[in-house]
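Some structures are shown below for you to check.
In what follows, chain A forms one complex with chain B and a second complex with chain C.
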Partner chain A sequence: MMRRILFNLSVWSAVLIVAFPLFWMVVTSLKPQVELWARPPALLPLEPTLEHYLTLLRDTSFLVYFRNSVLLSTATTLLVIGVAALGAYSLVRFRYRGRESLAMLVLFTYLLPSVILILPLYLMMVKLGLANTLVSLVLAYTTFALPYALWLLRSFMAGIPEDLESAALVDGATRLGAFRDVILPQLLPGIISTALFTFILSWNEYLFALVLVNSDATRPLTTGVMNMLISSFNIEWSMLMAASVMMSLPLIIAFSLLQKYLTRGFGAGAVKG
Partner chain B sequence: MAGVEFSRVRKEFGGFTAIEALDLRIEEGEFVSLLGPSGCGKTTTLRMLAGLEFPTAGEIRIGERVVNDVPPGQRDIAMVFQSYALYPHMTVRRNMEYPLRKRGLPAAERQASVLMAAEMLQLTELLDRKPRQLSGGQQQRVALGRALVRDPQVFLFDEPLSNLDAKLRGHMRAELVELHARLGRTMVYVTHDQLEAMTMSDRIAIILAGELQQFAPPQEVYRAPANRFVAGFIGMPSMNLVDGRLAHGSGSWQFMAPGIALPVPALAETAVAGEACLGVRPEHVHIGAGELQGRVQLVEQTGHENIVVLAVAGGIRLTCRTPASMIPRMGDTVDFRIDSERVHVFAPGDTGPRLNLPA
Partner chain C sequence: MMAAMSTGGGEPGSQAESRTSRSPQAMLERRYARLGLLLIAPSIVVFSAVIIYPLLAAIYLSLFELYTPTLEGGFVGLSNYRELLARGEFWVSLRNTLVWTAGTLSLQIVFGIGMALMLHQNVWFRSLARSLILFPYFVSTVVAVLVWRWLFNDLYGILNHLLVEARLIDMPIDYLGAMPNAMISIILVGAWKYFPFVVIAVLARLQTIPDVLYEAARIDGAGPIARFFDVTLPQLREVLLVIVLLRAIWDFKEFDLIFLLTGGGPVISTQTLSLLVYKEAFALNQMGMGAAYGVVMMAIMLVFMIFYIRQARKGDSS
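Let's look at the complex of A and B:
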């Protein structure tokens, strides 16, 4: 009994430690300006207000940044999943010279810190005429999300028995048809977890966005909000918190919808056959 | 209806030659087993027939058509896999329907075919379940059903029974034989289990290291094995193989090994005196009376008979079958004789060809 209580207590304190900043973020975003610096701080706002949210939505470029982030992350995710799924399929199903070293080489690119890559990448984008566009960010994000996605999907793919595909071929499917009808449904949990991972990575990315784009029309949320609300002399805490809440919402919604697949996905990757 | 023909088919994987030069002609409506130890190339042969592997050289025909470059879906074949390969996310009905769907059959026809196959295999109750909700035996039937609905020219089986328990396997063997009799379609069956091959096939193709050793009906394979490998591979317990010498004298041949001297029946003209191998089935060694002696080393009682291992001079051991009532004591020395009309003589070497004419 004592053990149980202790166990529960420690779990709940862990949850609390993790959840408190989130809670504080929401609370701060709802406090009117005057309450912000009150001593001692109040746990809950006395007069909750949505004014910070309204200011952000009405008077700033927040919605432009938001749209940019959605476009950027969605495009990156689609591109990465598309390329990684086909690449993983090739690495698992076909035998060709240098297959293993190719897979290792892809992972090797991860060993280079992104700070090293960022300047050459920037110069390349300028040469390509893509400087200061969302496309440049999609390409940049793909370079660092793809290797991981490829390896993740490769292990999922390896868990799908080859006989399934052979059976579909004998049953009259084309190779692409077999991939769509049989492989893809089996791969779905893997695709969902990989997609979520890629989406989060691009949604939260800061460094590349800071270097590669510098106009308000193309900034994503991370650099946009930073640029708008944090200056050398002042931090707009309540607006920053309101922006943070709105930034977190899409991820929280996506997680809660896809949680089912996510856990199933981890199981499917671990147990073969 | 269509037969199958391999002519001079060769298959290499990288530098490794899996199939040397296979010639095999399967008549229409025939049930043929490809039998051999694992890694002998029998599955590769089947996969080439299915279109899942492509031959490096040679020609494969189904009926009159050369299918070397025809994709699997257009060969008018159906295949049952060892792992069953049921689509996990589809119900039994959808699984069985899939090949028909891929051929663009209308829904009503698809349903009719599925129901007919399901009835034949007693799957009607299970049509709306997912594969993971079925037992191994049921999954096996669904795999069979998925092959049946199409009414293909040729059925291919890749060790379909090896994941079932012994009792169910016996049952499914009988069912497959019945199915073959009913459909009259050409069936090619890959197995490493000689019992399956012996009990079900019209003819057995025995393959070793990518080379065809013998292609004949089960009885012939048993009674007149073409070479030493086939002789040792077919039969349970396996044939006794004794290395010794052939000698020619006064118009007849003699086989000699330590403790054994035996006249052998008509040999082929290619036979020469010298090293040779004698093959004797356990049922042709008779304990009781005779001019040979051996010490009883082991007695295994199976119920309806006993398997006795005799130690003869020179480290030679002979396995023999005795009736259930005759149980020799271990360690005793007994007299025995070898039925010399029924022995086989092979040239030396692992696949030394048969030298005596079939009895």
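Let's look at the complex of A and C:
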């Protein structure tokens, strides 16, 4: 019994150490400015305040960045899921020459460093007149989102029993009819979790946004918030922590939705390879 | 009819069959193959436009001397490569990349396995513990960096405060502005951010190890440590290989975390190859030279990538 308690305590202290930075982020965002400089720092805010959140929403471009991030991540997710669902169906359930090589190409591109792709992509966007637009970011984001979604959906697709589709075909359905009526409903959990993961990836992206977009009107949250740190004269840590909390909110929501798919998505997409 | 229906399946003979016969099944097979290509076509188009073309263009660019803002310059052949191999900065960045990758990767693996073993046990509020552990992995690098820069703050950061209180240090530490602190700091933050990936992957594998193996070991008189080395570790071998390869590739090319924490500094002490590519192309405006660095960097990564893809292929066919 004693050993069990000790074990639990040590596990939980390890967990709390890992989670501490995030706890500290929330605490700092709620502290009034004076408490920030107090020695020793209080573990919880003595007089919790939402003033930093209000300043953030009222006096900065945070809401513009937020809107841009929402638009950007949603557009990327929709585009990528649409293309990848068809592609994954093709890669798993059809036979043609080069199919295996295509699958391996997808995996290969998934591992490519963005820092190399960004150079020609930047030139391409300038040439197309798309520099500094959200469209250029959506296009750039497909470089990592599409291989990711294709690979993930491919393994979800492989998990759907083939008999279902065969039965529909015997009943006279066409392949695309069977895809719509049989495969899609079965694939739905896979599509949802792939969509959430893709959304998170896009939401968190930094490098492409740094290179391709440089005006406040088109900046997403990552570069926008980072810009607040760099451009401010004296750094307002509580406001930056408030921004960090707000920026993580959609993740927390996605996270709680993901709970049951989490392990599966991970296992299917990244680990099983 | 059955042969036609298993088009997507695994019948190895069906393809050869379709080539020789002109039966209705064979025609259906060909129609299906065409439909299959049609369905993958959008993916191929997007891939070609945003991945394959840029990849080839990057190699092409590396043969030019180009000024980024105006794109003026000319063909210089392989001289960018000759120059970069002669530059000390390239070798320093390569060494930094290897130190960073080796350091952060080994910490991720050790902490990841340790935490996975703990969370595999029956712990109070296990699912809450798991969610808390996963959070660093999902949070944006920007958020992670902001939080850590606040923790690292020399005057008001809690880390310095706690260490001074505990009498472990006399003076506040400069975590990011001096060496070797800066390298140690990015390695630690990298480990914190990415070890949950190892936890998840190992945890998933642990759940599939049959209990019989442990019981058998117990009957043979193996203690917990012996059971770990004789049962758990051999069972984890395959998944660990995949994890190490994947994480090695990802850590090797990491940009955001290092760029935002130290920017490569002090001077170039934590500048990795990714940062060097970015700096050359967009800060020094030498697009061609940047591309050359990128190509060399990818050539090094290719070793890991090919190894990983071969491993994945094995797993795929089994």
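In this text, the second predicted complex is superposed on the first by the 239 of 273 C-alpha atoms of A that agree within 3 Å, B and C clash if a C-alpha of one lies under 4 Å from a C-alpha of the other, contacts with A are read in each partner's own complex, and residues count from 1 in each chain.
Criterion: contacts are C-beta pairs under 8 Å (C-beta built on N, C-alpha and C of every residue); 3 or more make two chains touch, one makes a residue touch a chain.
Remember, predicted model here, so these are calculated numbers, not experimental data.
S.K.: Answer with first, second, both or neither: which of chain B and chain C does A:T222 touch in the superposed model?
M.R.: second
S.K.: Tell me which partner A:V15 touches in the superposition: chain B (first), chain C (second), both or neither.
M.R.: A:V15 contacts chain C only, not chain B.
S.K.: Figure out whether A:L105 sits in contact with chain B (first) or chain C (second), or with both, or with neither.
M.R.: second
S.K.: When the two structures are overlaid on chain A, which partner does A:G172 contact: first (chain B), second (chain C), both, or neither?
M.R.: After superposing on A, A:G172 lies in contact with chain B but is clear of chain C.
S.K.: Please determine whether it is chain B or chain C that touches the greater number of chain A residues.
M.R.: If we count touched residues of chain A for both partners, the winner is C.
S.K.: Look at A:G87 in the shared chain and tell me whether it touches chain B only, chain C only, both, or neither; answer first, second, both or neither.
M.R.: second
S.K.: Residue by residue on chain A, keep only those touching chain B in one complex and chain C in the other, then list them.
M.R.: 166, 169-170, 273
S.K.: What does chain C use to touch chain A in their complex?
M.R.: These residues of chain C touch chain A: 5-9, 14-15, 29, 32-33, 35-40, 42-44, 46-47, 49-51, 53-55, 57-58, 61, 71, 115, 118-119, 121, 123-124, 127, 129, 131-136, 138-144, 146-151, 153, 156, 158, 161, 165, 192, 197, 200-201, 203-204, 239, 242-243, 246, 249, 253, 255-256, 260, 274, 277-278, 281-282, 287, 290-291, 294-295, 297-298, 301, 305, 308-309, 311-313, 315-316.
S.K.: In the complex of these two chains, what residues of chain B are touching chain A?
M.R.: Chain B reaches chain A through residues 47, 50-52, 71-74, 77-79, 81-83, 85, 87-89, 98-99, 102-103, 146, 156.
S.K.: How about chain A: which of its residues touch chain C in the complex?
M.R.: So the residues of chain A touching chain C come out as 7-8, 10-12, 14-16, 18-19, 21-22, 24-25, 28, 36-37, 39-41, 83-84, 86-87, 89-96, 99, 102-109, 111-121, 123-124, 139-140, 142-143, 146-147, 150, 162, 165-166, 169-170, 175-176, 200, 203-204, 206-207, 211, 221-222, 225-226, 229, 237, 240-241, 243-244, 247-248, 251, 255, 259, 262-263, 266-267, 270-273.
S.K.: Chain B touches which residues of chain A in the complex?
M.R.: It comes out as residues 161, 163-164, 166-174, 177, 181-182, 185-186, 273.
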